[in-house]
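My questions all concern the structure below.
First chain written, first letter: the chains are A, B, C and D, and each begins at residue 1.
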Amino acid sequence: MLGKIALEEAWAIPENFKAYDVSSLAPKGVIGGDLIANLLDIHGTRLTQMDQNGVDMMVLSLSSPGPQGVTDPGEAEQLARLANDRLAGEVVKNPARFAGLASVSMHDPVQAGAELRRCFTELAGFVGVIINDYQSAGTDKNTMLFYDTADRRYDAFWAVAEELECPVYLHPREATPLIFDEMWKERPWLAFSALGYAHRVGMHALGIVTSGVLDRFPRLKLVIGHMGEHIPYDLYRIDHKLNRARFPGMGMARDKLVRDYFGEQLFITTSGHFSTPALLCAMQEVGRDAVMFSIDYPFESIPNASVWFDEHVPISNRDLVDIGRNNALRVFKRLTTGPHGLAEKSPRECGVGGLKAAAGEVEYGLYNKNWDTRLERQ
Amino acid sequence: MLGKIALEEAWAIPENFKAYDVSSLAPKGVIGGDLIANLLDIHGTRLTQMDQNGVDMMVLSLSSPGPQGVTDPGEAEQLARLANDRLAGEVVKNPARFAGLASVSMHDPVQAGAELRRCFTELAGFVGVIINDYQSAGTDKNTMLFYDTADRRYDAFWAVAEELECPVYLHPREATPLIFDEMWKERPWLAFSALGYAHRVGMHALGIVTSGVLDRFPRLKLVIGHMGEHIPYDLYRIDHKLNRARFPGMGMARDKLVRDYFGEQLFITTSGHFSTPALLCAMQEVGRDAVMFSIDYPFESIPNASVWFDEHVPISNRDLVDIGRNNALRVFKRLTTGPHGLAEKSPRECGVGGLKAAAGEVEYGLYNKNWDTRLERQ
Amino acid sequence: MLGKIALEEAWAIPENFKAYDVSSLAPKGVIGGDLIANLLDIHGTRLTQMDQNGVDMMVLSLSSPGPQGVTDPGEAEQLARLANDRLAGEVVKNPARFAGLASVSMHDPVQAGAELRRCFTELAGFVGVIINDYQSAGTDKNTMLFYDTADRRYDAFWAVAEELECPVYLHPREATPLIFDEMWKERPWLAFSALGYAHRVGMHALGIVTSGVLDRFPRLKLVIGHMGEHIPYDLYRIDHKLNRARFPGMGMARDKLVRDYFGEQLFITTSGHFSTPALLCAMQEVGRDAVMFSIDYPFESIPNASVWFDEHVPISNRDLVDIGRNNALRVFKRLTTGPHGLAEKSPRECGVGGLKAAAGEVEYGLYNKNWDTRLERQ
Amino acid sequence: MLGKIALEEAWAIPENFKAYDVSSLAPKGVIGGDLIANLLDIHGTRLTQMDQNGVDMMVLSLSSPGPQGVTDPGEAEQLARLANDRLAGEVVKNPARFAGLASVSMHDPVQAGAELRRCFTELAGFVGVIINDYQSAGTDKNTMLFYDTADRRYDAFWAVAEELECPVYLHPREATPLIFDEMWKERPWLAFSALGYAHRVGMHALGIVTSGVLDRFPRLKLVIGHMGEHIPYDLYRIDHKLNRARFPGMGMARDKLVRDYFGEQLFITTSGHFSTPALLCAMQEVGRDAVMFSIDYPFESIPNASVWFDEHVPISNRDLVDIGRNNALRVFKRLTTGPHGLAEKSPRECGVGGLKAAAGEVEYGLYNKNWDTRLERQ
């Protein structure tokens, strides 16, 4: 479909690589192309591929872990500010095609709120904020600052996000050295995007929900990627086992289920998990309103994500266009205003549906646009 | 869920039984209760069961075939007028709970439009119109008047329906004697609601779409029941085989597919087909916006339809409430105004979702609200 | 996948075109290639395309309506015999790749049984029988002979099919002139494969089941194409409405539902209906054991059907291979013996599953086998 | 359905409570009934509820963590032996209804294999083995012994399991104190069955698969509960991200995907996760052959699990009976021999399908077995 909006799309500045050696994620050739070059690029290859694949808008964010990987508070704050200034500068060059998620250091919730406010009021082009799971702290990088603590310390931050109507994208990151050693060192191939990322950020996201953050801030919106970091599939069991009698200290509203937040305050994207059965399951469990298209570029291929979504997903025209575009405009409302000015589109405007068979061709319904020869993609 | 709206709900006046012996449909005991009494009743048993099953609103229509079964034009028109006057009289007694679909004789499209206009401008309580498949004509009842003829004779009627923003519910009816003899007499059990109804009205509905009626009247809305009278399941094949080169005379827009009309101008209801796999398939093919709850009372049981929808349908809170209520208010817009004044509701307002376990009970997720005894419905 | 078996694949002899002008189905260019040439061919283009698309075996049958379109009994019998002799002659040339469904005239059930017996005992290469819906009779072609009549006239035929363990493929055909005029002439584009075929043959198939044929012949197997001719989607409603109290004359076992026959005596194929939502619905309603791959060549494209099944169907490896191959061997058991000698295969043997990425490529899961360029099928 | 087999059903001996205070899992009233009494009981309440809910067979196992919770090797071995002797003694009292999974200490793989061999050769009634995730070791309980280490230390155990054709059920358990403190202490309600159990055992199961254990022991079968501990939903992403170029040390066959093992060597059960969308997703991803019914009694209610499976799961008769019973007999083959002697059953034998309406009742398809009153479960 034309007009797609992608929400979890990474970009980097060289200074970010000090905090985390991105090349460790992907030795050259492991992920297609040159990962670092692709992270640094916005208006070149990236835009060309967006054009070729019907991606209207990429909402960019500093690649993980960003400030969350910086244990020194001052350095983390400085990295966030620097990244935000740079990103604002890039987005204004082409605001019809790019927008940004602000980066924040999460060492100090008040300072994080202030930086977010700066992005939303003094800079242009920001439509939300990204947080890469826990904030690393401590000299050995083993201290994890979580945002769902019982002392409600991070309410100062959540309050600003709610006030600014700024959706919070909770993005995964790697384990601490200690946790890696205890849990993952025997099977490092599972520690990262194959499994570990979802483990940790899914737990954190559920922690935020079940500690009552979304109840205390009822206009706050939380977004998670990778088809919901396992959660939609497990929703029955999660809600079933969050036994209030056994866990009287759980902060979530006593008459609500985790399931109830989806589509209202909790949203998922398809980033990096292009599975049709998972998408169908998610749509059954969390509903069409709670699902949004994303790619996870450059850790995923733009054409691969787009061919899946455009050609393989067996859902109706209207649902496809809502998930591919319109839901993003309802959640990230700033995309509809200011320099971006995007509007919802109909299936027809997105080239979805319609009889595409030209005069010389045959009928609708072709998976292979040639009668007698099996076409290979070339 | 609370707040359900049901759209294909039959009601009758004694005069209608002259045109068609409803008791032939259901010898006493075959369908629960007393079918004729149930058809005649509005404010008694029917309302009680609505209360007991979370049905906020029933949109009533004269039981099939109504005027479509009357071969004499004058008598058919008289029956329509009589039924409309009576229905208006009943609806105003309780417009928060009941509304009506107008009946029309379809012998003369101009007269049908006039009667529809009368219902929408001079009477209260009408939100749409019902047509029971083809109009019977001819002395032997074998003549079928269809509304998708190449001469566009019925455009006079469609124009009025569009102008009035009056959704048209196309409802099934029985076969002519000739067709019954040729096709069904060896297997009469298939001739009616098990199969034959859907055969004929599905064909007619597709005829209306493919002849271009919805293109010529782009604000016209057509509604079909019984989970779409086979069509959602077969949409791929239907669109695939509507080969424009082979059938140059087909009137539908040349760049559209039947699939494209769903959710915009074409809608289905769940009446009488409480199948979860069929609902899931329909949602994939035609989308959440195109599906609306209905029962088909008194040919179906209100509690049976409601237990299915409320307890068995495995879809998300928001999708359930859209299908159970809100979509009906978007299609039948008059339900939101005038004496009815219904408004869209959230899942919470409809009692959907939420932790319902009381203090003494155990956990969420119970299919059987007792730990150790299998409860029977009593 | 490799090793696919296709079951509803048409072939013709010139003599068959006397009974029915196949070219009326498809003016040149409407369906790809030259329909008549493709019907006449077996070992040329057809085999080449089978090789290119992982089709191990095509079970061939004379193109519809075959003898069912011949009103004169003697001529119909002669056509069947001729077609069977010719088909046997072709199949033996390459029995590893082709098998046949016998044709029979259905004017006389005893003669039909005798011809079937001849095919199964005197000729080689037959694994089942095909019947193209009703048998035309009468001078004006308006008489339809059905095989589910209350007088059980056709039990003589069903008994032979059961005795020979010969699955019966019930295939659609066009309407009589009378029915066409009454029902379809206003919308001829719906009369054929888009809708009418399924209407009529679905009714007939359900007639056979509900009249008790499968109960009287409990080892008889009936196969219908086109994803079940609407039936799986409507199973709930069909069973729900086959009310024994209202229809005491219905012959089906009183304690059974139509649903119960699927996977035991009733099977469907995917021929000509390459819809993923329909397949998923069918699998939920009738189960994996009841579904078999087919194409409907040359009315459908071999590559189109194969690309859909091989690349788009989101089901597990084992289910795919059962539907694509192994189920056919369980239903059409003769494929495993005699000159054919086919055996069940594992997913691995069919090339299903497995990491296909070569050293130079990237990861599993590519919908587009190139990182940065959207490939077009060429 | 009648004839169900349940595979992950806990039982305890008082001695097991020394290793783990089960009552901490469920203060009285949190889970229905008296958890400890229910764990200790076999032939009383448990059997009565099995009778009432169509459960033919429960395969019992010592409640988690069993020997895996005992840090002293000798004590762990002693607990395993004691539990196995006791369980054998109970099973022989009613082998048509009960069978056992052996317990083993996993401190020493050779000893574990020897104990397993003892159970399979010297004791009666064992059909598989259960391992409760990692083996606790170390004085502070913080050492986790995993079975997928690069040194292949546990091959000595896997070899015995394969030789004995003994399926291995990998069951979850709680976190070490260290991991609990680091990851879960802020949100203890997520640490157990709501999320943490699946995190840890899912990781371990995937570690076993991806380290190559199933390749080295190609007849070994591994079973995981709770609808696959997240894995089916994430299979695309898992396989997509297990990048061989990035992780050359991963031991799994280089031409296989995790997906390929399901239905062959890897199986899931429904224990404790009675979600229809999750089941449908699992069936699409891992296939019908890989899914088996289970309850997780007494942590789950037998009637609740059974009402879900018997009345709410929208799959075909044959698939239901395979998942509810027959698959278990194919995986746990010893259930078909020796004192148990269970055989596969047809849907009819399991009471699945069939018209159940009695003469006085109405039609098939009732979700509410009364025409006009909404029945409550009582």
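Rule of thumb we're sticking to: a contact is a pair of C-beta atoms (placed from the backbone, for glycine too) under 8 Å apart; a residue touches a chain by one contact, two chains touch by 3 or more.
For clarity, every value in this text was computed on a predicted model and none was experimentally measured.
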Furthest chain, CA centroid comparison against chain B: D
If you average the CA atoms of chain C and of chain D, how many Å lie between those two points? 41
Can you work out the whole-Å distance between the CA centroids of chain A and chain D? 34
Where chain B and chain D are represented by their mean Cα positions, the distance between them in whole Å: 46
Counting only residues that touch at least two other chains, what does the list for chain B look like? 29-31, 236-237, 240-243, 245, 274-277, 280, 284-285, 314, 362-363, 365
What topology does the chain touch graph have (line, ring, star, complete, other)? complete
In the complex, chain D touches chain A at residues 26-27, 29-31, 144, 146, 148-150, 176, 178-179, 182-184, 186-190, 192-196, 198-200, 202-203, 206-207, 210-211, 226-227, 230, 232-238, 240-243, 245-247, 249-250, 272-278, 280-281, 284-285
The residues of chain A that touch chain C in their complex are 29-33, 45, 49, 52-53, 274-277, 280, 301-304, 306-308, 311-312, 314, 362-363, 365-378
Report the residues of chain D in contact with chain C in the complex, numbered from low to high. 236-237, 239-245, 254-257, 259-260, 262-263, 280, 283-290, 314-319, 347-348, 353-355, 357, 362-365
